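You will see chain A twice below: alongside chain B first, and alongside chain C after that.
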Partner chain A sequence: MAATDTLPATTGDETVVRLGGAQGGWFRQVGWRHLVGLLALAFSLFPILFVVSAAVNPLGTLSSSELVPTGASFENFRKLFVDTAFPTWFLNSMVIGLLAAALSMFVSACAAFAFSRYRFRGRRAGLLGILLVQMFPQFLLIVALYIMFAYVSDLWPAVGFNTRTGLLLLYLGGALGTNTWLMKGFFDTIPKDLDESAKVDGATHAQVFFGLILPLVTPILAVTGLLGFISAVNEFLIASVFLTDDDAKTAAVGLYGLVSEERNNNFGVFAAGALVLAVPTVALFQFLQRYIVGGLTAGAVKG
Partner chain B sequence: MRRKLGLGADGTASPLGLIIKIVVLGLVAAIAVWAAFPLIGTGNWLGLAVLLLVTAVIFSIYLSPRAIPAKYLIPGTLFLIVFQVLPVLFTLSTAFTNFGDAHRGSKDEAVAAVEGSSVQQVPGSTVYTLTIATDGEPGSGDIVFLLTDPATKAAFVGTADGLEPLNDATQNTDGKITEAGGYEILDIAEVSARSADIVEFSVPTDRGAIKNQGLSRAFEGTPQQAYDAGCDCVKDRTTGQTWTANDDDGLFVDGQGQALAQGWQVNVGFRNFAEVLTNPVIRASFLKILLWNLGFAFGVVLITFALGLLVALVLNKPGLRGQRLYRSLIILPYAMPAVAMMLVWRDMFNTDFGLINRLFGLDVNWFGSAPSSMFAILLVQLWLGYNYMFLVSTGALQAIPADLTEAAQVDGARPFHAFRTITFPLLLVALAPLLISSFAFNFNNFTAIYLVSEGAPFPPDNPQAGATDILITYTYRLAFGGAGAQYGFAAAISVFIFLIVATISIVSFRRTHALEEIN
Partner chain C sequence: MAEVILDRVNKQYENGFHAVKDLDLDIADGEFLVLVGPSGCGKSTALRMVAGLEDITSGTLKIGDRVVNTLSPRDRDIAMVFQSYALYPHMTVADNISYGLKIRRMEKAEIDRRVKKAAEMLELGALLDRRPKQLSGGQRQRVAMGRAIVREPQVFLMDEPLSNLDAKLRVQMRAEIAQVQHDLNVTTIYVTHDQTEAMTMGDRVALMKAGVLQQVGNPQFLYDNPDNIFVAGFIGSPPMNMALAQVERDGDDLVVVLGRSRLPLPAAARSERPGLDAYAGRQVAVGIRSEDMEDARLVRGADERSRLRATVSLIEALGSQIMVHFLLDAPRVVTEDTKLLDKDAHAEEAPKHDATKFVASFAPRSRVRAGDEVEVVVDTERMHFFDPTTGDAIR
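Showing the complex of A and B:
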């Protein structure tokens, strides 16, 4: 007992009291923030954990999938790549996603440049018109598009049903509506004196756009490109109506087909597919993260 | 000054610029030529004229030094017009017709379909040996009948246009065609997949039509029902029954008011719109769906914004340890493929195998009652959407000058008071346009419903309108659902949806003054 008398600081009781006291203050300062943060993390991550667990679950059924992995097997991934057309679906999704993102970014950057830098007849009407058309989203037009493309498929099979090009062209139809306002808001924040002085130096409008403005608006290009990629990869309704041949499907449509019939048995394979499909988006997201917050809110503040 | 026209006319000075311009305009010309051939082939002169006009406009804009804004607006506008504005107009015009499964084509096509489906074998007519094939993909190509006359072993191909001799067919000993150039022969599974198309299919001939009888025989017969232009009616040859054409409804109707299955497309004026507002069953379900649709869209915006803002506020303390890690992990769901994750959630709510029932020891049929189904849907949307709100709230919070809130604290304002009177109003101004577009998006969030609950639960008396259906999923079921497509009616509901979303968005944009400073 003598030891405890001489070294009171090390006794169990004292330590608990001290730490407890400190913890109380720490908790009121920042600890509760960590608690909320951890709760938010748990909510965000538990479905993803479940997907990971189901993907490596050797039994591969929904009923045997637990929240925490119970085994580690790559059987589901093997089945995904060998027994289903997933490699083709994945490739379709990537080609459509990347091209749709890049092209729609480009056409809306062009339009935003015109709306931000030039004053012309019909400018205000054009901006409001774009806003109005955006409220009539493409999938609301699914019946009309279906009938249109039935006709297109007869005349030009290369861009008809079950082709990547046809779906890509269709997605580009929505490009102006979604991105132009966001981009114009960002373009407006770049001082006009810059292009004026470049023009005085003899630069053409194309040189101003490609050489001067585009490099300055990289953040908003990154954001619209990322959002365009995410929405094209995730688009389900139009793709499911347009792509019925197994080889033409995107990953979203193909994966839906996996669990729409044999829900319980295919769940592991489906989860593996969801994980593989998430990889490019998550990678892009991490890569572009520093632009995202700034890009999104800059457009929002400017309206 | 004379107006110059030419490759370098707009000041394209650098060789690189010129080369790019030549290549792009060359591509435009090549695409135009490629697109022109099928139009010429089918004699679609109007289409060809539009194509030529568009190509001419593109060339004149890019070769002229003027109209600089047009050079930048043309690419997006072209896509917008073709794939968005035209379909909108088409939807509007469809909304005024009875277009649907029973009313597909013109009156002549309806007559042909009525006559074709009433073909019956007459004694002594030829019975062909049949092979069912398609012109193109087995799943989607047009059905063709490959026929052999058993007496002469002559091979024919029968399409919807008529009967033609077939030269390069391979026949087995019975005369059945086993291979023919350009046609895909269907196996049993493929035939059964296309059975609905095959039942409707007939090959028109001079004496009537050829129809199949089972999978390997086809006979030539004459139609029992025939159209008579004199009375504008369809008559049955044996029973003498008549069905008179009703041009208001696009149907052939007999004396008892019974109609033939095949009708034609007619203009019905505002009837589809009136139907939504006056038919008691449809009106009741439409109103119920609209209410839940509004509640769903408002609810999703509210809960995602509330939770996102809360977490953003809590984590927005300078120097908080692990801040970056929290942020990048919390927004992870936003980067996951939403379609797949919604299906995962749906399966987590599965009654028998689902994780949620197993984890909490429950036995809830989540999509069996309206409240639990709505709860499940909102929870899924909260998970998918709050991280986006967290992201933009964080951005907006960082954009608010710190001295504003500090000044309030110096003045003795309690933190919550300062937040309510200073931070929150500023946030709302910055984020209002995003909240409005989030509302507009969620109002038509098809996948959120279709992939999670599919509209379930359905009332027993109306299997078309589920308790968690929103207008767009309801429209989709009407247009493509199992109970026969009603495109005209579905288009009318699309117009209603558009009017509702546009009104709400315009009113709220007005109120936030977001539109006033278009400069």
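Showing the complex of A and C:
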């Protein structure tokens, strides 16, 4: 809207227009926001700088006192890709992360649609049950899952220990609850008139879901997809128990292996790995950002 | 096109709420039927049952020759216009209008032809590439209409389609919808809570209260012959004036004692309502339409006795007529119906129980002013009588 573009100094973003007036007034109205912004930026960039610094530090130590260490090089990256199985780990992480994100997005959307649109026996209990299950920490699960998968590995090794599919299944189950709740809340904001109108127009349940509702909930799909990807890529606990073969490890487990044995020695390589791992997440975020905008439903009904 | 027949249709929700009770309606092919009533009277539920958006608890619903009780909305060959318009926000106007046709896999050429025709009819041609967000309320309403029209369905269902528009636009769209319906000659069920819409648009009006059909008929018939106090109070603006009166015998004649006045009942009115004799010596609710009253000074040779005397409390000059408000010294009619009507009109409780607000419509030649003592001639032949306990018309 044109009106907000020309309004100065109310939002505190970069497009602020400086108006004439007393010099002190500018700082009081606008300047301090920049100061706060810079502080927040420094605070959040510090750890990243630290990791970057460690990644280019040839000594493989975290206790360097310089931002740019002496003899800075990409030696750690070379070691990472040549001396370790990192490429495999990275691929594992990406496959599991993307699949977990996509599948959990779809499964949760289906569940959320049902919970939001239909009234059936057990709906309330189901919703509460999902919420309740989420409240237990993952630690509690590990033992039970371990025993279950010990049997599964014997009977059906394709989804047992050291397989991507097995881990994927676990992640899907884990993400279902939160995502369903998140999405249900969003689905509830889409007027039910739209479904009914489409039904009268002749749409089937599937056509309503895919053709009408899904396009309208893209922001929440993007959010859950992103969260699903990040959590699957970063997940360590379950992965470390289930993946023991070097080839089956995800990047998180593999990188941990680098630093768990000899303290401090491999931190350069570890930091390099962490940086590489951050690239796809940032890229995905950049890609999905455009979908994470609200207001898509505006104009559906009188407002 | 088809007739729609509801035969003892009921809707009872799982929580026990009985929304629609034994609804019988025969809607003829091509007819424009308006379902009207205060909010919560079950009119929308009835419409949604016809649409297939609500299950029918019991009874039979026929569209054309088919019993459609268990058919899904898509198989009923109906089109519906929602109060909120329910336009698909991510689609253009053209896509919105053609959505129902595309989903039915109609040929592209035929879709284009129909969309074009509907757009012409509703003057949407220039807007076809816009999104709903970029349209005004009236335009959105037209798109919703267009979406229904292109389907060329057997029945149009409209659920308060005009209540989100401002007053002026509402009047305009009211005429347009009536025109479109007339041109297409499609059976239409139109739900509204606005009695003006009901009166002006419907071939017939069906008035509901608390899930029960009160009366159905052509609008003028309902206006002239209300079956009960509720119908009398709901149909017409301003609503029918009603007060408690005493029916007394005066020799062979009947006299209606209304406040201080004793209004003689003409023989014609009495022969039309033979039931009134039985109320001699008892209380009745008398209803008088505002246009059946006139300034006594303007009526030559008016009966001296057929007059009410009161003090004018408020004047509303409308140009073509003057609405004269006065307080009549007769007790108010208070039944469940009048309470419901008051609630629906958001009216406040009248201050005194033994006086009733009346509104008369005088010719603009009348020079009455607020505070004047006025004599009001009543057209006694056109008075309405109701049993004050049951609320039914006395005939």
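One rule holds for everything that comes next: the second predicted complex is superposed on the first by the 249 of 303 C-alpha atoms of A that agree within 3 Å, B and C clash if a C-alpha of one lies under 4 Å from a C-alpha of the other, contacts with A are read in each partner's own complex, and residues count from 1 in each chain.
In this section, a residue touches a chain if its C-beta (ideal position, glycine included) is under 8 Å from a C-beta of that chain, and two chains touch if they have at least 3 such contacts.
Computed from a predicted model, the values in this text were never measured in an experiment.
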Which partner, chain B or chain C, touches the larger number of chain A residues? B
In the overlaid three-chain picture, which partner chain does A:Thr204 touch, first (chain B) or second (chain C), both, or neither? both
Name the contact category of A:Gly268: first (chain B only), second (chain C only), both, or neither. neither
For A:Arg124 in the superposed arrangement: first (chain B), second (chain C), both or neither? first
Let me test your reading of the model: by the given contact rule, A:Gln138 touches which partner, first (chain B), second (chain C), both or neither? first
Classify the contacts of A:Pro191 with the two partner chains as first (chain B alone), second (chain C alone), both, or neither. second
A:Leu216 contacts which: chain B (first), chain C (second), both, neither? second
Does any part of chain A touch chain B in one structure and chain C in the other, and if so which residues? 204, 207, 296-297, 300-301
Would you pull the chain A residues touching chain B in the complex into a rising list? 30, 32-34, 36-37, 40-41, 43-45, 47-48, 50-51, 61-63, 65-67, 106-108, 110-111, 113-114, 118, 120, 123-124, 126-128, 130-145, 147-148, 155-156, 161-162, 169-170, 172-177, 180, 188, 204-207, 209, 230, 233-234, 236-237, 241, 244-245, 251-252, 255-256, 259, 263-264, 267, 270-271, 273-274, 277-278, 281-282, 284-286, 289, 292-294, 296-297, 300-301, 303
Across the complex, what residues on chain C touch chain A? 51-53, 72-74, 78-80, 82-90, 99-100, 103-104, 131-135, 137, 140, 147, 151, 157, 164
Contacting residues of chain B [partner chain A, same complex]: 10-14, 17, 35, 38-39, 42, 44, 68-73, 75-77, 79-80, 82-88, 90-91, 94, 137, 139-140, 307, 310-311, 314-315, 317, 320-322, 326, 328-341, 343-345, 347-348, 350, 352-355, 359, 383, 387, 390-392, 394-396, 398-399, 430-431, 433-434, 440-441, 444, 446-447, 450-451, 472, 475-476, 479-480, 487, 490-491, 494, 497-498, 501-502, 505, 509, 514-515, 517-519
Residues of chain A touching chain C in the complex: 191, 193-194, 196-204, 207, 212, 215-216, 296-302
